[in-house]
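There are two complexes below, and they share chain A, which is joined by chain B in the first and by chain C in the second.
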Partner chain A sequence: MTQTSPSITQTSPAMTQTSDDRALHVLEFPGGYTRSTGPVIGRFLTGLRAGRLLGVRTPDGKVLVPPTEYDPRTAAALGAADDDWTEVGPAGTVTTWTWVADPRPDHRLDRPFAWALIRPDGADTALLHAVDAGSKAAMTTGMRVHPTWRAERTGSIKDIACFVPGEGPGEVPALENESELEPVSLVTIPSRLEYRLRPGNIWNHFIDGMARGQIRGTRCTTCGKVYVPPRGACPADGLPATEWVDLPDTGVLTTFAVNNVPAAGAPEVPFISGYVLLDGADIAMLALVSDVPWQDVRMGMRVKGVWVPEAERTRSVKNLRWFAPTGEPDVPFERFEEYV
Partner chain B sequence: MRDIAVVAFAQSEHSFTDLGWTEADLVMPLVNRVLAATGLQRSEIGFTCSGSNDYLVGTPFSFVAALDTIGAWPPIAESHVEQDAAWALYEAWVRMQHGDIDTALVYGFGKGTVGDYGGISSLSYDPYYVAPLMPGDVGMAGLQARALKDAGFDVDPDPTPPPPTDGAAAVLLAAGDVARRLCARPAWITGIDHRIEAHSLGSRDLTGSASARQAAQHAAVGAGPVDFAELHTRFEHEEPLLRRELGLAEQAVVNASGGPRKADPIMATGLIRIGEAAARIHDGSARRVVAHAAAGPCLQHNLVCVLEAAEPAGPAEPAGPADAVRTAEAGED
Partner chain C sequence: MGNPCAVIGVGQTEYRAKRTDVSLAGLVREAALRALADAGLTFADIDSVVVGKAPDMFEGVATPELYLADALGAAGKPMMRVHTAGSVGGSTALVAASQVQAGRHDRVLAVAFEKQSESNATWALSTHSPFSASLVVGAGGYFAPYIRAYIRRSGAPANIGMMVAVKDRINALRNPYAHLKIPGIDLELVEKSMMLWDPIRYLETCPSSDGAVAMVLGSERAAAASAAATGGRPAWVHGAAMRSEPMGMAGRDSVDPRAGRDCAADVYRQAGVTEPRRQFAAAEVYVPFSWYEPMWLENLGFADKGAGWKLTESGATAFDGDIPWNPSGGVLSSNPIGASGMIRFAEAAQQVRGQAGEHQVAAAADGSRLALGHAYGGGSQFFAMWAVGAAKP
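Take a look at the complex of A and B:
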């Protein structure tokens, strides 16, 4: 029923394909990641929205900017009383800096600038921000800078557009309806990271099989268990599982769910997802089940893969559309209990 | 304290391009090597602890895939830190102090070649005040380099990052007689400690590292001569600062292995420092070595480990809660 193909350590046509198989992978929180600020950070951000720099006093009289909820030295809670707060700057002194010759696309400034720690007048600690000085030669430790403010301020560290050389103060553009705004209690921070992922030999060989309508698994050379989708190591033994096994597209539905909640990329509801234990495999794989009314789906039902037509196949797991009932008698529960 | 030693160390042939290695591909050969070196079976390991960062490859729970390599079924005693695996080693060392297990496997792995470490590192900083600005690890390091230059250190104020690296490392720890049985020259951990500094970069003195100094004192670095030191210096300006804070003599050889500037498989880089230092004991070329691991911007968090060829002296001292390891004072006795 099954046949083995060469081990991945040997050269086979599938392993020598040289196409650039690196895929773009994006890690992103759509709309941004929302965090509550708490009262201390919220008060500072509310100050930024108003175009003011606020610091918080510690019990020994130091002024921390940006404020922290607890004193780094004594761990005392800070900022509970109005008297604990004081306005600082806005001008300040650069305590250290570093030049950014090639800004990133997600930097506020699209021209070379400096990151600097800036100690606002009246504060005992320094704030990290960008200094738009025009050139590296214009930057010095000890230089005087002041903030420039964005017109659209939301209560974010980015309400400061950047710092620029000189005493200032910079203009604080008026914010519409500012007096009616609630204090800042939430921030929404967008982030996006890009990756170029290479699937690796095991996954490539699996996908090459799927391009031809062939499901491939790997067998542990120690315990003999067959894993599909394939993996390079047997999770039970911790040893290589590198012997390839061609598997049939028939099996038993070990368990399933009827999905009534629509989701992006999913079939129209109601749709059925389930675990299919392919004949000859030792682990069930997640798949869609279709061509059957949802009321008739059963654990133990024999199923067979339904593939996209040969001419339309791509190098994708989506070639296998879903599993459909074969009409064979159901498999008794005891025969697949171990895999549920 | 129980006497615990590094009895085996293995690291990958690190790569500076993505070869499509999975977590299992990276880790399994190393686990096999430390087991082969000691003759242990997977089933004989008392505790397993790993260090990695899912953001490096941008997939949740990517550390779970590496568990395929250690035979985690039936279930084993296992833990993970989302940190450099040097801290996984610390957790394993603490776990072994319970006294009921004699061996622990520690591994770490990282794929630095597939992602954007400037962005990834930024997301690990303060989410309100710093991360939105995306300063990145190089920007943060530059602030410290300039501060050191201004303070009179002979350093380049414009740091460059180490090459993005894919790689992994594994270490096997063993206690007492088991260590003596598994290894001809165990590298005994005679001091280990880690300390962290304030969260706000602008409230720290970047021309010093109080946390590195404190960790070194508690690990008793100064209690004897240091033959070799392996320091987690991703940037060149960090070496003179750490030499001073760890109290290393000028003649102490630092990063004979090439150090993180040559290969930086993030999340394994710190563990490799411990492994490389231990390997000098294993091969007989050193009697007393120091390993250091760092995390956070501008050396915010520092771990210091002293390893020695000589058996730890005397019976175990009763340890107070604030005195989990031999202190500098005790070490000088």
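Take a look at the complex of A and C:
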């Protein structure tokens, strides 16, 4: 291909780490996972909604609470017959516990409490729940506790607000229309993973460049290949990148997709995502293509970066908004085929 | 290759958009019990359990193998989970087979599953770090540029993808387990369906399915015992291999990845295959987007480079062609992602066992030729394949 020669800067790749360059990274499925319970777990949850603790009997006479769908010992299916079920507790005995001195924001109690394994009377296993004992000194293994039930129950282990010391049994507030409700078969499980990610030295130097409108790549000193975005190590040779390369923001669109599937966080449809082989690079980078009707986008089109105005730039790849056609003649397929 | 290893039991659930009647555990259990029944066994006969599924974000269960141990009778036995993105079903089967080939176990239960209705795979595949931008939506957004490059490179006519979409859905009508059943499917229906990720239309893409598949892999001794008990015949593993390569590497051919070619070459060498089109009676190949049939026809050596689409166009890969591809309807008709690779492996085994029912390829049933099972995953970077036959190698 006819390409401008990339300028090479012989700086060391070890960059200064900014004091706090961590960024929040959240993985959270909108609305939560929709989990089908199956008949056994569904029956247990339906029991909780009614303010009852249900256990399932194994063939050898053990009562499991919470119930399992299959016997952990023999793998036999459990709970198929009504006779396999039994109500337990509600009072029970703490078999072991740990004190939570500083409750987290998502804990159900806003004051210090114990996580405890509680064996309900009549059960052979213990279930995990919170015990609101007031103080650590009030907690003992072997202590007697009973559940306090929430008024708004949905078929969840959280229908038990917590356990409290004493035999109880405690009150079960009536649930409106309970007899008309369908058995629980589907539950929504919110799940949120929160990370604080560091970009790392290589990516930091890359986004520093992007803040100045400069695209930076790395060159492998063994195979000579220029990577953009840069790599800490060459994917082919495994060697650390030691050479930075400043690249122009011009190149050729090697191939692309016209996206008509809308998604949160993605551009408005239809949008073009494609691979741009920057002049002087040895691998095409994924980028958006815009300022052109989607019908007119072509493989081999010459493109140039469109940047966020200088005053609005941040340390982000998003400074490079997209690539737009330059109007130069298309590059013949044979000249860039090996980069597809 | 180690000791001989045979598929002695296969079990599949019906593949559906939503299986809200069962939990994840209930779903895998269903497939496992069917595989055990097929092999004339119970959980007590199993030495080891290997579980495979696609990324955890799909259902939000981080260690599914622990949660599923009760359902799969794994108490007191070795149990492990395999993960190689979309190819995981295939690599799970190969890890299970390796436990038999190594002489470590006689009977290994391999199970793969996905319950896509619990989440949204397109969302799970479209997350991005805070330092990058979201440029791709789902697997279709990722693969569409490579399909465009294949079309440009091979000069294939635009209707080839649609032909595959129709062919695999017609095949699915003969498969009782298949998810998508579209009676009257034809080129016009496919062409009129919405363009999702140009050049991929709605009907050229795979569905989102709930489902599980299980296989019992056995040693010579286990195969003989099962055959005596059930009267069924095993499928013997003649060749098995996995390969991987980096997703982004300068000079990498993402359309025709070297890892796929190397993986096939390894399997063919073990199985003595020099002419895949002639020596295989059927192939179950991971084709989640219709154009991947001609692309993999070339990658797997069934056609010369640039000529895969001609095989499709000629009808050679149709159910009545000389080398039927995806007689079960393939991934285009059923796609519980983590299971999809193992379904390919299991369907290949069913063909040489003569157990494929209405979608049995006659030439595969007589046992003289082999069948190919194939899976790929990630950015076309993980490959798993096996060749199976009725004769003991």
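Here, the second predicted complex is superposed on the first by the 314 of 340 C-alpha atoms of A that agree within 3 Å, B and C clash if a C-alpha of one lies under 4 Å from a C-alpha of the other, contacts with A are read in each partner's own complex, and residues count from 1 in each chain.
Following the convention adopted for this analysis, a residue touches a chain if its C-beta (ideal position, glycine included) is under 8 Å from a C-beta of that chain, and two chains touch if they have at least 3 such contacts.
Since we're looking at a predicted model, the values are computed, not measured.
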Q. Which partner does A:W85 contact after superposing on A: first (chain B), second (chain C), both, neither?
A. neither
Q. A:A236 contacts which: chain B (first), chain C (second), both, neither?
A. both
**Q.** Partner chain in contact with A:A287 - chain B first, chain C second, else both or neither
**A.** second
(Q) Just to be sure I read the superposition right, which of the two partners does A:L127 touch: chain B = first, chain C = second, or both, or neither? (A) first
Q.
Output check: A:L24 vs chain B and chain C. Expected answer is one of first, second, both, neither. What do you get?
A. second
Q: Using the superposition on chain A described above, determine whether A:F336 touches chain B (first), chain C (second), both, or neither.
A: neither
Q. Once the shared chain is lined up, is A:T37 touching chain B (first), chain C (second), both, or neither of them?
A. both
Q: Check the residue A:T95 against both partner chains and state whether it touches chain B (first), chain C (second), both, or neither.
A: first
Q: Considering only the touch criterion stated at the top, classify A:V317 as touching first (chain B), second (chain C), both, or neither.
A: second
Q) Where on chain A do chain B and chain C both make contact? A) 25, 27, 33, 35, 37, 41, 68, 72, 189, 191, 197, 199, 235-236
(Q) Touching residues of chain A toward chain C in the complex: what are they? (A) 23-25, 27, 29-30, 33-38, 40-41, 68-75, 77, 185-186, 189, 191, 197, 199, 203, 207, 223, 225-227, 235-236, 254-266, 270, 273-275, 282-283, 286-288, 294, 299, 316-318, 333, 337-338, 340
Q: Show which residues of chain C lie in contact with chain A when the two form their complex.
A: 19-26, 29, 43, 57, 59-60, 69-73, 75, 115, 117-120, 122-124, 126-138, 140-141, 144-146, 148-149, 152-153, 194-198, 200, 246, 248-251, 253-255
Q: Could you pull out which chain A residues touch chain B in their complex?
A: 21-22, 25-27, 33, 35, 37, 41, 45, 64-66, 68, 72, 95-100, 104, 106-108, 115-117, 119, 125-130, 141, 156-158, 187, 189, 191-202, 204, 231-240
Q. What residues on chain B touch chain A, complex-wise?
A. 18-22, 24-25, 28, 31, 42, 55, 57-59, 67-73, 114-116, 118-120, 123, 127-136, 139-147, 150, 157-159, 198-203, 206
